[in-house]
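Multiple structures follow.
Two complexes are shown next, each including chain A; its partner changes from chain B in the first to chain C in the second.
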Partner chain A sequence: MGVKKRMSGCVATANAIRLADVDVICSYPIRPYTGIMSELARMVADGELDAEFILGEGEHGQLSVVYGAAAAGARAFTGSSGVGVMYAMELYSPISGERLPLQMCIADRTLDPPGDFGSEQTDAMCCRDQGWIQGWASTPQEALDISLMYYRIGEDPRVLLPQYACQDGYFVSHILGEVDVPTQAEVNAFLPPYKNHHVLDVKNPMIIGAQIEPQMGPGLQYQRYLAVEGSRKVIEEVHAEFADIFGRKYDPWIEEYMTDGAETVIFIQGGHAETGKTVVNRLRNLGEKVGLIRLRTVRPFPTKQVREALSKFKAVGVIDNSVSFGIACSAGILLTEVRAAIYDMGDKVKTVGFVAGLGGEMITHDEFYKVFKKLKEVVKTGRVEKESYWLPFEL
Partner chain B sequence: MTVPYEKIPFAGTVPSPQKENEGMITGNWRTRRPILDAEKCTSCQLCWISCPDSSINLGDETSSLTFNLKYCKGCGICNEVCPVGAISLVPELDFED
Partner chain C sequence: MLEEIKSIKKAPVEEYYVPGHRTCAGCGPALQYRLVAKAAGPNTIFLGPTGCMYVANTSYACGPWATPWMHTQITNGGAVASGVEAAFKAMIRKHKTDAEFPNIIVMAGDGGTSDIGIQALSAAFYRGHNILFICYDNESYANTGIQASPMTPYGAWTTFTPAGPVVPEGKKLMPKDITKIMAHGHPELKYLATASLSYPIDLMNKVRKGLNANGPAFLYIHAPCPKGWSFPADKTVEIGKLAVETGMIQLYELIDGEYKLTYKPTKYKPITEYIKYQGRFSHLQPEHIEKLQQFANQRLKEVGVEVEAPTITT
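Entry: the complex of A and B
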């Protein structure tokens, strides 16, 4: 058992990185993720963590530094938010393609339209297809836990992939929650030292990221595809082992909240789910058959688990906290992925998309009530009249 | 022809030192050829460090440096960085070969 403290998502993540005993950290300031780096800088200065703390000249530089560090055999950590995440875009594919399991924490932030700093999942969702393990924490405790689990998953010799440990900016990163900080001994039992099978070494030189011929391209992509698909099994194993050691049990893919006997559910990712749960409680007390499903891991997307879980309901409202202008069905990424996952169930489960909480706005109780009201209407009429709604303007 | 994925080294890593790759000959991209004036060369090795394609072979006490024309793309960086102007770029069409 560790010590229970009240701390923000940023400080919780910093504690996870300290306990993971990382070797190299590269920072560049941008809010809100920067709270992680200020706490880590303090830990290094106070001698609580022995790591190289390097200041990047920008996010592209940050990712380049940890890229090299991971290639040299170091456990490396970096992070960013909003436009910073986008500035480093070039590096994401090579890092996963060269199978270097470093970790990046994204405390999400809206992209400039212009100059908004609020929470929104668009930044991290833009990076979802780069071959990284990715998921959202909804509380500071979970932020600490996924950082530890993701290192373990990513560094597994069967996986060797980098990870985006995401949390909602401000709503998770800057709001205090109770966090059980594990002991170093517990973490050591869970997370062995990082060993990669290809490491830069002057005595045994090799080229990582060499120019290749086009005919090797398909095979290299296929190797990475197999790694991402193969990580599903490892993700499940690691969550089970984490529960054994730390006593906190998470479903690796989706958290089901009050879904027993539910007819309509909300499908959502990240910290807004905590607000949604309070609305579910209230409606349950009023006798409504409602529930909530929170997606925990978005890459790899749990197609099978989502299909199984959603097959029980009559209507599902998928809330996207990110933008994807011009996307199929005119809502967001999660709606299209959920619809693809349940395609073979035909019209049995109705889905409606909602875009909400953009630019750092709360998804309010009132909005959750409206979503449930709309879903109830869909169940009653048996028809989806309009497949997507932008909140608060269209509902 | 697509190479079967099992035959591709893990993550595309390549044992080194491996200087030449028969599948990736780039010397025929070149429009200007680097030519060394050995009298001017001070063996400072700046061109060797700067060459993005490792196409410069260092000389020793008795011989001057040479260019690996099988791979040199003719980018001209060596000509730019040479502090004494010992490397000139000559149009390829001026050569017989």
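Entry: the complex of A and C
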């Protein structure tokens, strides 16, 4: 058993990186993820972690540095927030395409304009289709845990993919929570050293990233597709093994909260779920048949699991903490993904989208109540009058 | 330590940049690549930002290197090299590898060095990574079909700087001097020099000095491009020589903060001798040629050579 401490999501992630014995770290300051890097810099300065701590020249440079480090065979880590995440966009596809399983922590943040430090999932959601493993932690404990699990999943020879370990800026990155910090021996038993067969090695010269002709393109993309799809099995295995070693059991895909007998549920991702749970508790005390589903892994998207879980309910309110202007159904990304996942069920399960908590605003108790009220109305009338609502303006 | 190569006969016979690439006939960048790889030897990792030496070398998913090679984006040769270097340092220190620390060479074109790649280059040198960054200068974005880069000379035709009645000289801007940008303001810099493929012994020894420097080393290599500059494919070496003999290109090293010429012709030729073989300059009027001559004189002056402007004969 490890030691229980109070710490923020940033410090929890830094502890995971220390325990993973990462070799190369590349930093660049941008709020709120910066806290991870300052804690790692302290660990290196104090001799708690032996790693090259590189001062990146920007996020594009950060991703480039860890790209090179992973290609040379090192375990590498970086991170960012907001516009920084976007600035590095060029590198995400090359990194997954070269099948280099480095890790990036995104403590999410609103995109400009105007400058807004607040949490919002749009930055990381914009990167979702780049061939990385991706999911959100909702507590500092989970932030530590997914960092360890993601390295293990990404470095598995059957997967070899990079990972975005995401947490909500401030709501998770800067809120203190109780964190069980595992021992080094436990982590060593769980996470073996990184070994990749296609690395830069003068004894086994290899050409990495050569140009191809168009007719070779489909096969390469198909391989990456198979890697992402194949990771589903590994994600499940790793979560099971994690539970055995560390005693913390997570469903790899979705967390169901008070869903037994529920008629309406909220579908949500990240730390706002913790606020939503308190509303569920109160409504349950009042006899309402409500529950909550928290998406843990967004890439690969758990189509089958979402379909199975949602088939039990009458109406689902999908809360998007991100925007996709002009998207189908006029809400966010999760709504379209959920609707695509349950399409086969026809009209049996009604879905309504809610865009909420943008710009770093809380999703308040009042807003969660309003969402449940709207869902109850949908169940009662059997009709979805409007497929999405922007909170607080439209509800 | 890599030893000095005393003569062409004493250069290593082993090749690490081997046949099997698809560069144009007379390709200057390919010629210099062969010399660089020969000088560096087998314990070398090449990083290749996008450019001719990526596109023309690695078509059909294969390439001509007998050493490890990895593509980087055109933006980030310096940063990827930083990561590779840091990885070997950490893994050797932590006993995670039994590898010997390798020569890490970035082979970047002039655009990938002086334009879109300059941020990553400068950062790598600021941080003091033990790498050799080579700029092979063929004076344009050539693999995309000859577009102007910041190192395209004044007056050169490119597809982005065509000459026409309104813009008679083609490229109106004077080129960036990336070597001098790198020479000052990077306190960790350990070695800096310029070379030309037409002076192979000098080039190979500068590669070795850069690799021996145990810190960031910058090497500029002038690499004429028959296609982009529009000259016959058998004239690459001759054009390279004329660039040096006319003072358009100067061969030097930075020693104790000062530029020391490593080759100086007894008498500089007028730049007309250099440009007359090149179609990219064929539209120039006497006033444009005069400006180009002044440019060459100024560059020579910056490295300590005062030349009287040679008479221009057109």
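In this text, the second predicted complex is superposed on the first by the 395 of 395 C-alpha atoms of A that agree within 3 Å, B and C clash if a C-alpha of one lies under 4 Å from a C-alpha of the other, contacts with A are read in each partner's own complex, and residues count from 1 in each chain.
In this section, a contact is a pair of C-beta atoms (placed from the backbone, for glycine too) under 8 Å apart; a residue touches a chain by one contact, two chains touch by 3 or more.
Worth saying up front: this structure is predicted, and the values here are computed from it rather than measured.
Colleague: Assess the superposed three-chain arrangement around chain A: do chain B and chain C clash, or do they fit?
Modeller: Chain B/chain C on chain A - steric clash.
Colleague: Who wins on chain A residues touched, chain B or chain C?
Modeller: Touching more residues of chain A than the other partner does is C.
Colleague: Touching A:C26 in the superposition: chain B (first), chain C (second), both, neither?
Modeller: second
Colleague: Go through the superposed model and pick first if A:G209 touches only chain B, second if only chain C, both, or neither.
Modeller: In the superposed model, A:G209 contacts both chain B and chain C.
Colleague: Which partner does A:D201 reach: the first (chain B), the second (chain C), both, or neither?
Modeller: The answer is second: A:D201 touches chain C but not chain B.
Colleague: On the A-aligned overlay, A:A72 touches which partner chain: chain B = first, chain C = second, or both, or neither?
Modeller: Second partner only.
Colleague: Report for A:N285: first if it touches chain B alone, second if chain C alone, otherwise both or neither.
Modeller: Neither: A:N285 stays clear of chain B and chain C.
Colleague: On the A-aligned overlay, A:Q223 touches which partner chain: chain B = first, chain C = second, or both, or neither?
Modeller: first
Colleague: Which partner does A:E52 reach: the first (chain B), the second (chain C), both, or neither?
Modeller: A:E52 contacts chain C only, not chain B.
Colleague: Where does chain C run into chain B after the fit on chain A, at 23-31, 77-85 or 149-157?
Modeller: In the superposed model, chain C runs into chain B at 23-31.
Colleague: Does any part of chain A touch chain B in one structure and chain C in the other, and if so which residues?
Modeller: In chain A, positions 205-213, 216 sit in both the chain B and chain C interfaces.
Colleague: Could you pull out which chain A residues touch chain B in their complex?
Modeller: Residues 97-99, 160, 197-198, 205-213, 215-216, 218-220, 222-223.
Colleague: Contact residues on chain A for chain C in the complex?
Modeller: Chain A reaches chain C through residues 21, 23-24, 26, 50-52, 54-58, 60-61, 64-74, 76, 90-91, 94, 193, 200-203, 205-213, 216.
Colleague: Can you list the residues on chain B that touch chain A in the complex?
Modeller: Within the complex, chain B touches chain A at residues 1-5, 7-8, 10-18, 21, 23-24.
Colleague: Going by the contact rule at the top, pick out the chain C residues touching chain A in the complex.
Modeller: 42-45, 47, 54-55, 58-63, 65-73, 75-76, 79-91, 93-94, 96-97, 99-100, 102, 119-120, 122-123, 126-127
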